[in-house]
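Here it is, the structure, as structure tokens.
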């Protein structure tokens, strides 16, 4: 199946199957993650207490681990949930927010990546590079978040990490180590809203419950980028507050046909 | 006083008395709970640290305990606040989010219900059944959230739990064990926004500061359901993001007269 | 430079320099704080785990400490971050939410104020009075939040606390102990949205990265008040939900010229 047909089918499948998505995220963007999951048609469950986290993962169709507001007390819950996901064959998505910015955060993220086979790792170029090289210090400030990595590097990082990587930036890239895609939708105002990256991770988890990792990663990024483009039109005279609200509207209405027609997805030959 | 007159009077009373409502909720929906409380005209206070939580409850006119993001470290705060509420005669509302889904959560909720006399317990059919039967395992996935219980069962659960129960679903029901109401307002898109249930709990707490438990529970559900209906019209071309913002607008403007005229409230004879 | 020229210049400087602002805030308003920071043109970082908090502060251009959802476990992080800020000469803003309402919270806030030289302390009249007098019990309920203190008292509190104080209320006042300003913009519906005070604190931190404490405090309050006025027009038929979203739109678009032309700022001679 062509990638555009596959992401359209995945969009439809989320809406009809309503998979339960377990999302372990921080307090800053948890509400947004839950709402974008609902807008897509899936059902979020956010419980993260250690005595119940494994039981919740076990009932879910995908698990998202987002490190944005990581706390030492949360690490045990993340490991327990990840272990259950691997044991049960539940897709496991990592959003390593801010990895590379501090030593402790970097070590915690690398420990997770070494311990569990993630289905998708989604981050900006700095974050994914940090995980692939197992070193911090590559973080170059907020501007580095938008830097574009060469497609060859992205593919190598996917091989190195043994997973599908979704690298967001001015141009987004997805690779499972064999197949690599460049994604060119987007809206620059999304960078003026907190949590759009976290929401992309939540979408990746929701899609991973119904399709392959590669398709899920492409679908997630394309959904958020197209939502940004379309919301920008809906909220044209306004700004990031209106755009933020409009994102949920657009994702809710976004059809398989929209993704197929408007997704700017290019397969990269390497 | 007829129920429609009573809920209209309660709407007016919240706006004029501005009761202080202590809300112990999780991070996913705390912002929404605080904002819906403000929109109704009451004042939320969200502090939950153990060294101060009792002092805050003591100054408040109602206490909400929402178990959505329950953590072991939060249990001591919940118990201390509940104990103060009971001692001081402050209305005490429980929103047992997700009870029945895990063993630990179920035990924690049952322990609270056994230890304190709650003024109102608001939940979906699965949650209230789980508490009334003191057993988990009745949870049947997300679709069970909308199932409609027979009015007789709801009344029996109110008697069993010794409280006013507010059972949300495709049709909502409220009973104090003697009087039972069916509430038929609503908007299905509310299920595509996280926290609408939590917000209903916050409204129940705010109303409980100014009226009887039965009236408060009916008023809370009718307020949220009518807000959904009216917001749907305001955000007709849009989706859950616009609807979410519009809920606060509608609750803010909603008058006693709106509730009296548009509330579909039917007393059930058993 | 005249104050209106200075706040205009500061508005411009935030947009062009995009300072990294470290914000230690609670879960209720963290999303709003991050989004208002982005709307102004700065970049928020919200990490608060003890093993990394100092490292994050060290890379930042300003630090905000907001006590809204204070927890005993968070105190060590607040102290470590504040110590780094003082050592590194990074502007340090305190938003002592709710100080005076409980004994524990009051002691925690006073301990912070005694231990570190804050650049700006922003609060309502009750909160600032409590800190200046080092006593609780002055809290008179929610209505006290809007009381207007005499300008002379505000100036004395700035001298006593050795900082720039920003006192919000029906009329806002800012003083560094020498120069005092009365600020008369605003929109009463802002009090029906949670977190508008917290967002003002985040704006103060962002401005403090690019200008003097006195200018930063005036700019922050004027930005939020003008945003309320302008958002009220954008959301005129609506209510607090629409106003909330519109705040981010207006702050995003707000120009140096808007601040200079529409800011009602009066220097007070004492």
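Remarks
Read from first to last, the chains carry the letters A, B and C; within each, the first residue is number 1.
Note that in this section a residue touches a chain if its C-beta (ideal position, glycine included) is under 8 Å from a C-beta of that chain, and two chains touch if they have at least 3 such contacts.
In UniProt terms, the chains line up like this: A, B, C = Hydroxyethylthiazole kinase.
What you see is a predicted model, and the numbers here were worked out from it, not measured in a lab.
Overlaying chain A (Hydroxyethylthiazole kinase) on chain B (Hydroxyethylthiazole kinase) by C-alpha atoms takes a rotation of 120 degrees, rounded in steps of 5. The two sequence copies chain A (Hydroxyethylthiazole kinase) and chain C (Hydroxyethylthiazole kinase) touch through a face in which the numbers common to both fall below half of the numbers used overall. Chain geometry summary: the mean Cα position of chain A (Hydroxyethylthiazole kinase) and that of chain C (Hydroxyethylthiazole kinase) are 33 Å apart.
Among the residues of chain C (Hydroxyethylthiazole kinase), those touching two or more other chains are numbered 27, 31, 73, 244-245.
Across the interface of their complex, chain A (Hydroxyethylthiazole kinase) is touched by residues 26-29, 31-32, 68-73, 98, 101-105, 141-142, 191-195, 235, 238-242, 244-245 of chain B (Hydroxyethylthiazole kinase). Taken together, the chain C (Hydroxyethylthiazole kinase) residues at the contact with chain A (Hydroxyethylthiazole kinase) in this complex read 18, 20, 27, 30-31, 34-35, 38-39, 43-52, 55-56, 59, 73, 234, 244-253.
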